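Take a look at the structures listed below.
Here chain A shows up in two complexes: once beside chain B, once beside chain C.
Up next is the complex of A and B:
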């Protein structure tokens, strides 16, 4: 009885620290959402409580136009890219582990080296290539450069190394084709890794700015980050509206994260161990 | 069959060529729906009366994004994605014109440049050719709470045509009387670095484009003045843009010295209506010092890759470059102040402004606009400004002015090599 209810100072300290950290990470979100319900003058003067301007901000946003288009484009691009990218990168990562080849580690090394090149350095040559291929203003133009990322290949390669190779051999003996081994055995077992990869890929596609900015120039192709950015260009800024757009743009990420949270954590742990 | 096909093809081509002749389409990139885009839409209406065969499509693009897209397209040589007209920040003009020679369409002889403030035209002049139709005005002014001045026993006239030393004297009294800061600016004083230097008819570069910082009398006077302002305690140094705006909207600072486009943010504080006044800026106490300068503003350029550059220039010159009436409309609805000098004669410019206690603010600003010293901007304006901001920071922390300015001079020389 006594031992159970005694307050341990270390424990109090630990919890105080955790409360502080949770506050620090949650407060900006709270402020963002509450600002979406205030008008600009109040936000500038530092109002933190929710206000009554949500509908005004919403109406301003709707009358600015294109929020639906931008949201739909971003969602479509991110979803399609996530599926394609997961499929191709995991196939590659799997292949790097399962098949024997004396060059494969060197190839992986070269791929890893390519991660050192900053994306801004390849922007102009890439734009030149894609423009000559006629892929400006197409979804393919947006997706091709990030359809196979070294980071994901590496992640799936690490995950595949923990995969029991005996199962693959047993399946081969039973006469299952290589592609079916991948699809029916590897993919279901590696669900946690796929969840983690899905979140990472979706997030980078959802947030990407520079590449869609130059490759998707047609106003009908506008994506949400570029759309949200457009409200930051004025001599007078409407912070209420900006916060509403930003709030809207975090919703899909939140949904995805909460849906996959459990396997995301497992996936990250799995790829590290 | 083959002949029929050829005939059909020829007909189709002829028809499409004919319709292309009838309908010229111009695309425009610019930002800010309340200001630039609005002005462009109004210009479209004006031009529809003059030449109904031209269709104009405005595509909202952030100023930084316009620059990224232009840099990408021009560097890779794939210019067919560029529009027919782009709005460009005045400070970026030289950079694009000099980095990509031949990428923009010269407008000499097509635009009547005599009607524009000269300091604007020069920002888009390269190799003796002029490449832009100037648009919004960045003329600088002192925007001040007259009730704060009165509390300390001063009027707007006491703040007019003065030196910075006098401004600090008045500021100290205002702070004593009201408990509020006299002035607000963003920490680092970056806006003041360029505004003050230009007000004394100097720039960070000499006429040949070489960095002119450590032996430049205006830069030295500017740095000394900023140090005095910093030490005086009358300046609120805001950490970011929203705190800057908040400081005058909530009354904790009694004035701001800025490009005239700041009016849009000042009038947000509706409870302060009638309590504001506008006058010219303080001058540096050197021989060439004036009470006039500029900060910000932008101009319209036409990429040379445009399929119809002449049509684009014709549109710009007959609206932004010729219509007093057009400027009346956009002033009333958006507060966009012209650099087209004849616009000042229109009735909207002489209207008393209720927020500024009935002062004829726009007339005054147009008057200042014609007196802004003409300085020659360089390619590395922002870099030079940032080096001087670093130097000032070093001086705040105890470095001597000589050492700090010598360091800034060598830093910018290094960047330009």
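Up next is the complex of A and C:
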């Protein structure tokens, strides 16, 4: 049974490594939550345990103003964008597979090229175009550039390739219209793909910083990342307050992850096949 | 599962269906053409114009000729590649190793490990920059612990020394994105048949050989995909730099996106010059993606 003994130290090392990585991953997260309940003076002294300052930080935050506006704007923008983006992109991904022909394949090839276009490069013309169209400080201005993304179209195209075509044919014979086949059959069957896409889209909308910084300049349109970033100014930072803002802006993502965790992995799986 | 592929349209009815298919695709195609390709062409045209504010005149390639002489641009370019070369390989290798470890179904606590390692993805880039700003600042947690333990006699200038500050930004990115990439690899690993490993083990392949000869080749498409995504993301690094160091000390941590933003929105805008800079990012992304695809498709 020497084999068993030889394996064991490896196991221990493996667990030690995983525990170390898990700790390093989780600790800053814990530090964020714990600091939200501490006084800035305590945070600077290195207090790691949660404190009793949560309500004080909260009151400071409320009197700093706009936290409600920022939260509401972020949530509204991200939810509406996620729905629109999933609809438009999955419609296209489905279309490319179910109505496959030579020309559509060529169009997909051209679209794939847009993955090479970094948003940073189109920022300036986009900003000028949007100001001419009067889209600065509007929700539409924030959302338009990310409604159709090749990443999502590609993901749904991959998913649609695993979708049995017989079902589409059977539904056609039953007289169901093309759009209804998509809406009533494809969408419900592909729920895991939609969950994964929803997480990815919501996450990038919720976190987006550079584009809203440029396009949403009116304080009434402010989103959470910009709001949180605005506390960066000045020499003395109120860490307790900052960590509270940061914690608040993390909660919706956490809820989304845990609600959709199962189908998230299944959805990613479908897209990388 | 092998699904029947859509057959080529032949008859009149089928041709009509194919035409209807364009309606499914049209909204997305229209948006991408207008909001991605068109601005890219505009960016190029803009990059040929010189001047500031809205007084722009055609100036040929003069903006591009100015770039190599602009110290801030050269530093920002160097910094951007520093982040790329240091961060992306470490992150992807670490993500791959973690994914292989966590793919072992007999591993105790694998669900907990996976959740904890994925946790940082729930924070926004601005949030994690704020957290790491605190952890590494002069009066931050790391310094106060080291001072208390007597390891250092004065705070380490993590964010005010250019090299340290760049490394702190790398650490922040590693923290935020390693778990994200791990999920892609985990999903890919689930598609690899366990029997391949069994067979390799019977043939006497070591764990290392299984990793280099089976896992990596079979995951090649996903590794390629994550490499292209991370390269693209790192070349456009902005949030962390703006929040954590504001490009400083001096311009020690500045990136190309940070510099473009500064030229465009913070001083008298020089749209043409910024567009030329932006176009160089596009060219670099395209070249690197091309190289990565060539390397990734080999074998």
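Heads up, the rule we're going with is that the second predicted complex is superposed on the first by the 255 of 273 C-alpha atoms of A that agree within 3 Å, B and C clash if a C-alpha of one lies under 4 Å from a C-alpha of the other, contacts with A are read in each partner's own complex, and residues count from 1 in each chain.
We adopt the following convention: a contact is a pair of C-beta atoms (placed from the backbone, for glycine too) under 8 Å apart; a residue touches a chain by one contact, two chains touch by 3 or more.
On a predicted model such as this, the values are computed, not experimentally measured, just so you know.
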| item | value |
| --- | --- |
| When chain B and chain C are modelled together on chain A, clash or fit | clash |
| First, second, both or neither for A:243, with chain B first and chain C second | second |
| Partner chain(s) touched by A:165 [first = chain B, second = chain C, both, neither] | second |
| Which of chain B and chain C A:219 touches, first, second, both or neither | first |
| Contacts of A:207 with chain B and chain C, given as first, second, both or neither | second |
| Chain B versus chain C as contact partner of A:124, first or second or both or neither | both |
| Partner chain in contact with A:228 - chain B first, chain C second, else both or neither | second |
| Dominant toucher of chain A (residue count), chain B or chain C | C |
| A:41 touches, of chain B and chain C: first, second, both or neither? | first |
| First, second, both or neither for A:138, with chain B first and chain C second | neither |
| First (chain B), second (chain C), both or neither touched by A:60 | neither |
| Location of chain C clashes with chain B - one stretch out of 188-196, 260-268 or 278-286 | 260-268 |
| Touching both chain B and chain C, residues of chain A | 43-46, 123-125, 127-128, 210, 213-214, 226, 229, 232, 237, 239 |
| In the complex with chain A, residue positions of chain B that touch it | 31-35, 59-63, 65, 68-69, 71-73, 75-78, 80-81, 241-242, 245-246, 249-250, 261-262, 264-265, 268-269 |
| Touch list for chain A against partner chain B, complex | 40-41, 43-46, 64, 123-125, 127-128, 131-132, 136, 210, 213-214, 217, 219, 226, 229-230, 232-237, 239 |
| Residue ranges of chain A in contact with chain C within the complex | 14-15, 17-18, 21-22, 24-26, 28-29, 31-32, 35, 43-46, 48, 88-89, 91-92, 94-101, 104, 107, 111, 114-129, 144-145, 147-148, 150, 153, 161-166, 168, 178, 182, 203, 206-207, 209-210, 213-214, 224-226, 228-229, 231-232, 237, 239, 242-243, 246, 249-250, 253-254, 257, 264-265, 268-269, 272-273 |
| Chain A partner contacts - residues on chain C that touch it in the complex | 1, 3-6, 8-9, 17-18, 20-25, 27-29, 31-32, 35-40, 42-43, 46, 94, 98, 101-102, 107-109, 112-113, 116-128, 130-135, 139, 141, 144-145, 148, 175, 178-179, 183-184, 186-188, 190-191, 221-222, 225, 228, 232, 235-236, 238-239, 242-243, 246, 256-257, 260-261, 264-265, 271, 274-275, 278-279, 281-282, 285-286, 289 |
